[in-house]
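Both of the next two complexes hold subunit A, though its partner changes from subunit B to subunit C.
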Partner chain A sequence: MRDILNRLVDRSTADHVEFRYHRRDQKRIEMVKGDSEEVHSSTYGGVGVRVLVDGAWGFSSTNRTDEKELTDTLRIAEGAARLSARNKKEKVVLEDDLSPVRGTFSAKVNDSVTGYSIEDKVKLLIGLDREMMSHPDIVSTRCLWNELQDEKVIVNGTGTDVRILDEKVEFYAIAYADLRGEKVVGMESRGVTGGWKDLFSRKSPGEMAQDAVKTATQLLKAKHPKGGNATVILNPELVGLISHEAIGHTVEADFVLSGSVAQGKIGQRVASELVTMVDHGNASPHAAGWTPVDDEGTPSQRTEVIKDGILKEYLCDRETASLLGMTPKGNARAYEYSDPPIIRMTNTFIEPGDHRLEELIEETRDGYYLQGAMGGQADANAEFTFGVEKAWRVVNGELTELLRGVSISGSGFEVLKSVDAVTDDFEFQMGSGYCGKFQMAKVDGGGPHLRCEATIGGKQ
Partner chain B sequence: MSELLELGERILGKAEGSGEIELYMVSDRSTDVTIQRSEINMSRFHVKELIGIRVLHDNRLGFASVNSLDESLILEKLDEARSLARHSLEDENNVIPSPGKVSHLEGLYDPGITDFTLDDSLAYAQLFIDSALETDARFSLSDGFFSSHDTERAVVSTLGTGECERSSLFLYMGMGMAVQGEEISNLDARAGGSRDIDGIRVEEVAGKLVESTVGTLGAERGESFRGPGILSPSCLGDMLLSGLMVPLKGNRVLKGMSPLADMVGERIASPGFTLRDSSNMPHGLGNRSFDREGMPTPELTIVDGGILMSHLHNSYTSHALKVPNTGHASGGPRSVPVIAPSNLVMEPGDSSLESMVRDIPRGILINRFSGEIDPVSGNFSGVVKGGKFVREGEIKHPLKNMMVSGNIFHMLKGISGVSKDVRRVLNNIHMELPYVLVDDLSFTSG
Partner chain C sequence: MIEESVKSALGHLARLNLQGDVYGERSQKVTFSIMNGEIADSTEYEDMGLGIRVIKDGRIGFGYCVPGKERECILRAAELSRLSGTSGIILPEEQGICNVKTYDEKVRNALEDGMGSELCGNMIDAAVSTHKDIIPSHGGLFMGSGTRVIGNTNGIFLSQDFTAIAGGIAASIPGERTSLVASESKCSRRMDMDFEHLGTLAGDKVLSMKSKSENPSDKLPVVMTPHAMGMLLWFGLIPSFNGENVRKGKSVYQGRIDEKVAGENISIVDDPTRDWGMGSFPFDDEGVAASPIPLISQGYLRHYFYDLKEAASSDTISTGNGTRGSFKTPPQIGDRNIIITGKNHPVQQLTEGKVILVDGVMGAHTSSPASGDFSVVANPAWLVEDGVKLGRLDGLMLSGNLPGSLETMVLGDDYEKLYDTIGSMSIRMELPSIRLTDITHSG
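What follows is the complex of A and B.
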């Protein structure tokens, strides 16, 4: 395969050419309240070809991998680029200060999930489902297992020739309790790059199922908040979500160039000096957004988006890096072979500070301690809204009543400007989720706990 | 006979062993031109071939899929699906349905698509850009696309199902914001589509997108209160899809996860709320002659005058709940069938948007909702996008930092006005919806 792709790179008449072979084998098992909803195996593989001709992009893809088919696909992509070029006013120029990358990059996998049979995994989910359903307050359950085995080969006109072997796995345990006809949910989930031991390094599957039940039953007794502006302490999952949704998308260079709120703000204070926000595809071998080399062949590097509260860098691909005078650091990603690479985050997080969580809570006179995300959305102007799984009222330094149905919103940069304390702990906690910007991407996010001001949505 | 049907029959003929088999196959040729920063970004051409294989053996279900129509690969995957079936749980409700009486719809395929080239897609994408930028110079089109799809799908099974349909589809979408000095509007997106070339209206969709984003410039903070809201068709569509349609799915009913499980025949909304699912809506983008399992897709009245008439079912949930299959098996070949509507149509009322606004002492016109809706409890909380503050019967100003919360089931019972004007909304599902006035929402200003 690599020989064929290298030959075709040499034969291409395009100004730049990239071939990406990508085969994905997925196994997915879903158990809902005692029934196996899905025991599923899929294979999705082929080659995507992206070319640049006369300053314009063309792309084509094929599920076949013989030389004749790949030659035809290359010609189609070149033809498409030539068509685009007729309408392209601002010609694409690529950042070319890049060294070719060669070699094989393998995910660090402790106890590969391929060593466990489908039968093992189905049995695990059946057992957990039964255990959760045995609690008298639990009326429904859902357990989900999803694993992706990826092989990727990237060969391009800059001399890059890499092979990436990746294993990503996700697990969810969800318990529903019934509150006078209204269901409340407790969810434990984790997603990692790695194997069985990496996935369950923090909690065993049984502990995750028990904790899901515990949360659901705790929330049965919880009330709704009233709402309004408030001091909030965010846990690492919510810190990751704000970093990703509210800030991260606004600093993706394609959105910046379209006029996002981060445009023209490099060098300006956009957050409290306690905040340093980073995106890095190689930040941790087990973070779910592990991306050693991106789909343009750029090795992942640490991008300090915000350093001590000052906006420093945008997330770029080779095209936007050239336009903005920045360095591409591994953010051009494609979900599957039939997708062209676009600017995506990888693992996005805020660096830890020096507070202890206990101190942070003790110092808070009136506020909320928020744990767990239930989905989130954000806008080009950094306005965001996130659902929160559990919220404790904090009064005079103590956690008091538990609340449910809480959401928070605000302007991402305004919220980060209000940060007055950052703890010394750190976790990636967003690995079970995906980002859905035109195409899916496996990402992660996290950080320490931090205290800031935000709007709590509630009942007036 | 189509090539897909022939392939399916050949595979079934070669399949050895016992148990039932269903093959769902899709072949799609598409052109796609993407837009970025108000310019053509990339032209693409794709051919996709996909097959999903369901195997039922002793009431145990296995599923495998592959993106190839190569016979040997399909037979390999068939063996894998059989192996998975052996490890799945026995469930007497697992069924592969017997063939139904399918009436094939007209108007799904425009033969002109065979001559529709990447060059044509490029011209429409450029027209989208030009239309948007000419409408208002403050608008910035961040992303968009124009695509064409020539698709054939087929489902065959060892029980005798053998359905095939070819369709054409032209889709276009733009996403952008208005920028005025330091001020940036909410990001908004508008999508449109057509089954035939003559129905393509990129200028119209581009114009509405610009109007929507520019209209939110000059936004001011509002005040917190409980009161009425007017939901635009786009906002109503978001809420119906995430909040109402989820608990109407047969699988949610079956698993005790639907507050509407025992409500058929009961009032769930005010008398002005009538909702239909139509797989043959005039110019409907979700029109289809048969569902993901090859079953017919008759029109279904879901809510009639506020009374719940039916949930949505596929063969599994209809078998388990002993109710008729409504033909709502959906999804692609890469996963087992799920349940989803075809197109949704809400009956118009007799109000106008203007009269609704006139009747409100203090309220908010909500253009779009960005937030979470819990389909189990019906509770929702999120940000009002493109909202406008209404005071003493007049629209005063656009709003920023305004949150809205409530409960969708209470909200449906509190509908006090439905407009006679309806709009088409495309948000995964194609919908035809009016403006609705709801009585009691909770607004929190940030």
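What follows is the complex of A and C.
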């Protein structure tokens, strides 16, 4: 395959050409109330071709990988680029100083999940699901397993020729309890780059299932919160979600150029001086957004988006880095062979500080300790709304009562400006999720705990 | 060619003495994306593949493949079926299939002639021409055509061509602290879209956001545009008609068939037989003949919707609501073409007096289908008096109960077709603007 792709790169008349072969093995198992709902295993792949012709991008893809088909696909991509070029006023220019990257990059995998049969995994999930269902308060359960083994070959006109072998795995245990017709949910999930031992390094599958049940049954006794502005302590998952959803998207260079709230703010204070926010595809070998080299062939580097509260950098691909005078640091990513690379986050997090969590709670007179995210949404102005799994009322330095049905909202940058304490712990906690900007992407996020001000949505 | 691949797979199933169905899809797509007032890139590709469901001893195995790999895929799916629970699923047999218009040769020709670039450019130019400060910040144009094929070992073999065209554009006015952003999008199966008009609408909309009003302290009626209402209904109400949610107690409508649940003039139908509907097709993705499913008729709850698998679990029959995100995903229950009907009022009447007009919501995914409660941020939203926008409203939170709102909602007459995708599921609706009087607003 690499020989064919290199031959086609040489043959192309485009100003720049990239070929990306991507083969994916996926296994997905879903259990509901102890019965298997879905067991599926697939292998698929193909080649995506992106070209720059007359200052415009064109992209095409195919799932047939013979040389003739790939030649045709290259011609279609070149045709698409010419169509774009007709109405393109600002021609795309790429900096020429990108060094070619060569070699093979393999994920660090402890105890590969490929060493376990699908029967083993089904048996595990059935056992966990039935164990959760055995609790008298639990009315429904769901366990989910998803694993991806990817092989990518990226060959482009700058001489880059890399092979990436990646393995990512996700696990969810979800328990539902019934509160007079209203469902309350306890969820434990984790997603990593790596294998079995990496996935279950914090908690065993049994402990995750037990904790999901514990949360659901605790929430049965919980009340709804009173809405309004409040002091909140965010756990690492919510810190990751704010970093990704509310801030991260606004600093993606395509959105910046489109007028996001972060446009023109480089060098300005956008957060408390306690906040340093980073995106880095190689931050941890087991973070779910591990991306050693992006799909344009750029090696991953640490991007300090916010340094001590000052906005420093945007997340760029090669095109926007040229436009903005920045350095591409490995954020051009495509989910499948049929997707063109676009600017994406990888592992996005806030650096730890020096408070201990216990101190933070003890110092809080009136507020909430928020744990776990139940989905989120944000806009180009960094306005966000997130669901929260568990909210503990904090009164005079103590956790008093548990609340349910909580949401938080606010402006991401205003919330970060209000940060007055950052803890010394750190975890990636968003690895089981995906980002859905135009196409899917495996990402991770996290950080320490933060104390800040936000709006609590409630029904009291 | 996709028809031949489906036939080949059915032949393999027969030779292996297996039951099952084969879903084939071939599609050709062209997209143009807009960034910062320009066409940023163009993609063009053809995708083709098969999703094969094997049923062995009542257990289901699923796999997908490209044409030519049918036998390997079937054997793998059969192997996986051992690990599934028994389903009781019964595949459909030959039925009468109605005619539904889903294919417009003009879209196909436009796609082949490469007209997308010009149409996308027209949309950008129109937005820019509304005001010098406006930047068409993002958006795009999509044109596609293809063929869906479904066959099964009970003799079903159905095929239908389709086309689709969609455009969307966000117009923004950059500001010091925040940017003003408003978007417009439309979709169709026919070559009947006016892209210039779309650009102008987006430009006019963002201009109307320049002045700001104080968030009202008095409780006011809320008028939701079709786009805003569509998101709210799709997350907060439509899942309550899903047979699986009903069986599992996750629906506010469980056990309430024939109860009065809405105002007497309100009907909600899932109608995939409507010509040119974005979710219309004469058969579903499991080969079940399409028919209109009245969910609520004249205020009374009449039906839930089912695919084959859930129908077997709930001891009923499929309503033709087996849907797939693509050939790569097994069928799941989904709505096809949701339409709300009733006594329609001229849309101008909805904004008489002082009202809040909402064109988008954030956080609809946190709505609870089990209770119908929702709490969302309205964005963009305006304070409106007698149809005149007085100013935009920032940070306005809305909360309420959707099933409760069905009792008092007032429908406009400005129906729009909506299409969006959330993961592997699609939002496909036809809705007018709707006035709600029992919404709490704060912020």
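Throughout what follows, the second predicted complex is superposed on the first by the 459 of 460 C-alpha atoms of A that agree within 3 Å, B and C clash if a C-alpha of one lies under 4 Å from a C-alpha of the other, contacts with A are read in each partner's own complex, and residues count from 1 in each chain.
Following the convention adopted for this analysis, a contact is a pair of C-beta atoms (placed from the backbone, for glycine too) under 8 Å apart; a residue touches a chain by one contact, two chains touch by 3 or more.
Note that this is a predicted model, so its numbers are computed, not measured.
Trainee: Please tell me, clash or fit, for subunit B and subunit C sharing subunit A in the overlay.
Mentor: Here the two partners, once superposed via subunit A, clash with each other.
Trainee: Looking at A:436 after the superposition, I want to know if it touches subunit B, subunit C, both of them or none. Which is it: first, second, both, neither?
Mentor: second
Trainee: For A:268, is the partner it touches subunit B (first), subunit C (second), both, or none of the two (neither)?
Mentor: A:268: touches no partner chain.
Trainee: In the superposed arrangement, which partner chain does A:62 touch: subunit B (first), subunit C (second), both, or neither?
Mentor: In the superposition, A:62 touches subunit B and subunit C alike.
Trainee: For A:229, decide between first (touching subunit B), second (touching subunit C), both and neither.
Mentor: In the superposition, A:229 contacts subunit B only.
Trainee: So, A:99: does it touch subunit B (first), subunit C (second), both, or neither?
Mentor: neither
Trainee: Tell me which partner A:41 touches in the superposition: subunit B (first), subunit C (second), both or neither.
Mentor: Both partners.
Trainee: With both complexes overlaid on chain A, does A:400 touch subunit B (first), subunit C (second), both or neither?
Mentor: Once the two structures are laid over each other on A, A:400 reaches no partner at all.
Trainee: Once the shared chain is lined up, is A:185 touching subunit B (first), subunit C (second), both, or neither of them?
Mentor: First partner only, subunit B.
Trainee: Just subunit B (first), just subunit C (second), both, or neither: which does A:201 touch?
Mentor: Neither subunit B nor subunit C is touched by A:201.
Trainee: Kindly list the residues of subunit A that each of subunit B and subunit C touches, one partner per complex.
Mentor: The overlap between the subunit B and subunit C interfaces on subunit A comprises residues 35-42, 44, 56-64, 76-77, 79-81, 83-84, 86-90, 118-119, 122, 139-140, 181-183, 227, 254-255, 257-261, 338, 340, 374-375, 377, 379-381, 383-387, 407, 409, 438, 455, 457, 459.
Trainee: In the complex of these two chains, what residues of subunit B are touching subunit A?
Mentor: Contact set of subunit B toward subunit A: 33, 36-49, 61-68, 77, 80-81, 83-85, 87-89, 91, 118-119, 122, 126, 140-143, 176-177, 179, 184-187, 224-226, 251, 255-257, 259, 334-336, 370-372, 374, 376-377, 379, 381-383, 385, 400-401, 403, 405, 442-444, 446.
Trainee: For the complex, which residues does subunit A have touching subunit B?
Mentor: 32-46, 50, 56-64, 76-77, 79-81, 83-84, 86-90, 117-119, 122, 126, 139-140, 176, 181-185, 227-229, 254-255, 257-261, 338, 340, 374-375, 377, 379-381, 383-387, 405-407, 409-411, 438, 455-460
Trainee: Using the touch rule from the top, collect the residues of subunit A that touch subunit C in their complex.
Mentor: 29, 35-42, 44, 56-64, 73, 76-77, 79-81, 83-84, 86-90, 118-119, 122, 139-140, 178, 181-183, 227, 254-255, 257-261, 263-264, 338, 340, 374-375, 377-381, 383-387, 407, 409, 436, 438, 455, 457, 459
Trainee: Which bits of subunit C are touching subunit A when the two form their complex?
Mentor: It comes out as residues 30, 32-33, 35-36, 38-49, 61-66, 76, 80-81, 83-85, 114, 116-118, 120-121, 124, 135, 137-138, 170, 172-174, 177-179, 181, 248-250, 252, 328, 330, 362-363, 365-366, 368, 370-371, 373, 375-377, 379, 395, 397, 399, 423, 442-443.
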